[in-house]
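Labels for the chains are A, B, C and D, by order of writing; each one numbers its residues from 1.
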Amino acid sequence: MIELENVSFSYGGAEILSDVSLSLRPGSFHFLTGPSGAGKTTLLKLCYAALTPTQGTVRAFEAETATMDRDTLALTRRRVGVVHQDCQFLDHLTLSDNINLPLTVAGLEGDYAQNLADLMNWVGLRDQADQFPPSLSGGERQRAALARAVIMSPDVVLADEPTGNVDWEMSQRLVKLLVELNKMGKAILVCTHDLNLIRAAKALAPTRVLRLKGGKLISAGADL
Amino acid sequence: MIELENVSFSYGGAEILSDVSLSLRPGSFHFLTGPSGAGKTTLLKLCYAALTPTQGTVRAFEAETATMDRDTLALTRRRVGVVHQDCQFLDHLTLSDNINLPLTVAGLEGDYAQNLADLMNWVGLRDQADQFPPSLSGGERQRAALARAVIMSPDVVLADEPTGNVDWEMSQRLVKLLVELNKMGKAILVCTHDLNLIRAAKALAPTRVLRLKGGKLISAGADL
Amino acid sequence: MSFFQGLWAFVAGDARAERTVPPSGYSVWLVVFAAAAMTFLAVFVSALSQTTARVADLWSQELSRASTLRITADPDAMEAQVAAALKVLDTTPGIASVQVMTLAEQAALLEPWLGPDVPLELLNVPAMIDVVEDENGFDGAGLRARLAAEVPGAVYDDHTTWRAPLVRAAGQLRVTAALALVLILGALAAMVALAAQAALAANAQVISVLRLVGARDVYIARAFVRRFTLRTFAGAAVGAVVGMIVVALLPNDATSGGFLTAIGFQGLGWIMPVILPFVAGVIAFAATRAAALRMLRQQA
Amino acid sequence: MSFFQGLWAFVAGDARAERTVPPSGYSVWLVVFAAAAMTFLAVFVSALSQTTARVADLWSQELSRASTLRITADPDAMEAQVAAALKVLDTTPGIASVQVMTLAEQAALLEPWLGPDVPLELLNVPAMIDVVEDENGFDGAGLRARLAAEVPGAVYDDHTTWRAPLVRAAGQLRVTAALALVLILGALAAMVALAAQAALAANAQVISVLRLVGARDVYIARAFVRRFTLRTFAGAAVGAVVGMIVVALLPNDATSGGFLTAIGFQGLGWIMPVILPFVAGVIAFAATRAAALRMLRQQA
């Protein structure tokens, strides 16, 4: 559903990604690792068209992101759930309103009311539903970001370091959630430094682990 | 240097911390773990007087934080380096200016010029010195936050999840930096979910591991 | 969708979309206040301007359209000279009416200087003819030339020396007021635009979050634009109402009669204060919309 | 540290502290623009106000301090009556000068109505006495009563009916202008305060970071306050200069002489436009300082 073909990218200086190809198909589950500053977030941004490649093409749902008009882009984003590394919320809305935001914006509120309750339960935020984002703990924000990313059951979920601030048990719950979605045919891509998390996921579903280093995308060894 | 005596705290609703005592002495090294939302960040905020306890007393450098005037508070903060969970920077200043900020604010710029270069090297941000914070990767921000916290070689370092977004090698470098400071007699307190990190630190220096759960602070088992 | 349906949809708004934009606090109050203050000033100044315009019109019309012909002649030649002058005036195009002043009228005019019972009929006082020109006016110089030829004793006085400075002063006031009005509306527009920019800049993060969860540009822009437009309109409406009240409360000077009229609005002049809030609203709409779309295009 | 040293330190600023506050973009431009526009309007209106004040003074003084006594009497009784009237006037306190008009003066006055060669000396025209009161003024009603008793033919005319509407109109304009001036300065203060609040609110995160790394309140406040004060001053200075230029360029009406003076500043009146930028600066200083300290106290 999202395809990168020979993509290179630089922010103006050195090349961050060079000649990277990747295809996120329905039912695929990828992990992306690599040292800090390798370009993982950059790759994700290319996938959801927050950036366009300096070379090569990125296609989302058959359309090239570089030439998409802004309204199509907005509609495409509704089919891609993203957990950003710095979880950004609207500080003036309650947590449940924030998690509901993709539905509100798409005019679909109500259709997924049960989803919201289940989801909040699963990520352990039932008691925080009426809190405002600035009063959430770091881990609570990350869980909320994941909940917001999946509330509309998007075709693709891109998660950038979704467990950096949560404890090990919660990490496993979150991975389980992603695996469930994956089994429903969604394409999943998770950036993480947490090798334990990758191992736990591998035990639940077939995943591919990619490693980004020196601008190149390589498959990680069998040890993972 | 920072002492919590029978401290209880609530944000208005349920008690987050109840009857917690803790003493950060020169040369001490503590890890603080606990599930997401347990109150680790809250405890840290009490230590640097961003919050005052609802019961009990917090003393920083012999002075009670609850009755401190705002200028004394500012001066106290210069002796405490804090890595916040959501690393906040001044987006209009370059990275090196941001890391220097505690010195600028204290009027001590220049006195630590060599410090800055060494530190930037150690945390691997030499090439990013002139970038602005919004263009940094998640891990780069965390490393910068740690660098800013220690630039003035404060008496106490409080680090909230300082390695959530960095890879394993970098985590170890950062721990090494904290251990070095600890050996110079600084008091260190690190909140983390990463058990590997704790193990790595234990190999380098004598540390105490605390666990926060249900508002109570307990010593973690010998398995760590 | 008709224009009015569109307008109604805009005013009614979409409560859900609205909530996604944070209450922008000081920026919005700034806009409300600036709109109120500027509209108040605009109402004030336009009242002044309209009053001055009326005064200037009065002076221009009353003084410039009336002129006087004074005929000095021997008592026995007088009647013929007056008749000759009337004939000249009759054949001058652009004259609305001509009236020979009676002795009684002249006496009334002179009473302050001559006392009540001066026997004017015994004196060889000049005859006075009031001339009122019509809308088109007439050629004063031509008239003078013809009179000089045909009625040698006639002195033509078109009151220019009296009138000019008054009319000029009124015109000056009027230009000044119009200039001030243009400036005030310009300042209002600039302030609303800047305040909208400031509010949008302060909300850059909100806009980015909304874009990232799939909000379309119009959805985001509309919430901001609607808020700023309605607040500006409300502020301007308050300013206009207060302005009209203050103008109405200003000491009215009915006794001055035709010379100076009371400061205030008359007739169609009332359109101005009523229209101002709408003008302010349109300005706010345009300024905020442009600012919002510009800012949005900078975001991915 | 003396006041001036302190002022200098404030204006010179601390480049390092300054840099910690982000360039606040639109908020600051809003302040600059609002200060310029409002000061411009204030200069404009105060020019208008001062001109009106001068005109009103002229009218009040020239017209109110001069009055006329007209004496009607038989030719042979005239001289005695005039002498009696002069005696009454002489003994009235508050009169600066008294002058009996000559026949030639009267003739000049009457020329437009009577023509150039009316033999006034043949007529029993009333005698006219110009009376000019001194600063203290005199009791018009008392004078009238005494004249009625001692000089039965005297009619006292203090020009009230001519003067009153003009003076009243000038006073009205003056009150209006002063009101507008107060409003403009008030609006300026409110706008600077609101813009400062908006800028501070937009920078809440910056302030919180600065507090957390150990910055003292004054350090943070100073950078904001200095920026807003200097920008407001600069904006107001530009507005004042442009205002003075525009006022100077307004059509001057020298020909109107004493009746209407040209719009503009005279003498001490120049203090107003020069002082306005400083007033604006002080307003900005106070408003921003209060806002900054209030916001800081809300932060840990």
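Annotations
The criterion applied here is as follows: a residue touches a chain if its C-beta (ideal position, glycine included) is under 8 Å from a C-beta of that chain, and two chains touch if they have at least 3 such contacts.
If you're wondering where the values come from, they're calculated on a predicted model, not measured in any experiment.
Chains that touch both chain C and chain D: there are none.
Of all the chains, the one whose CA centre sits at the greatest distance from that of chain D is A.
In this assembly, the C-alpha centroid of chain A lies 68 Å from the C-alpha centroid of chain D.
With centres defined as mean CA coordinates, chain B is found 29 Å away from chain A. Spacing of chain B relative to chain D, judged by their CA centroids, is 63 angstrom.
If you draw each protein chain as a dot and join the dots that touch, you get one closed loop, with every dot joined to exactly two others. Inter-chain contacts, as defined above, occur between A-B, A-C, B-D, C-D.
Only residues 11, 33-37, 40-41, 85-86, 124, 128, 135, 137-141, 143, 160-161, 164-170, 193, 195 of chain A touch chain B when the two sit together in their complex.
Of all residues in chain C, those touching chain A in their complex are 16-17, 19-20, 22-23, 205-206, 208-217, 219, 296-297, 300. Those residues of chain A that touch chain C in the shared complex are 45, 48-51, 70-71, 74-78, 82, 84, 88-93, 97, 101-102, 104-107, 109, 148. The touching residues of chain D, when paired with chain C in their complex, are 25-27, 29-30, 33-34, 37-38, 40-41, 44-45, 48, 68, 70, 72, 106, 109-110, 112-119, 123-126, 128, 155, 157, 164-166, 168-169, 172, 175-176, 179-180, 183-184, 186-187, 190-191, 194-195, 197-199, 201-202, 246, 250-251, 253, 255-257, 259-260, 263.
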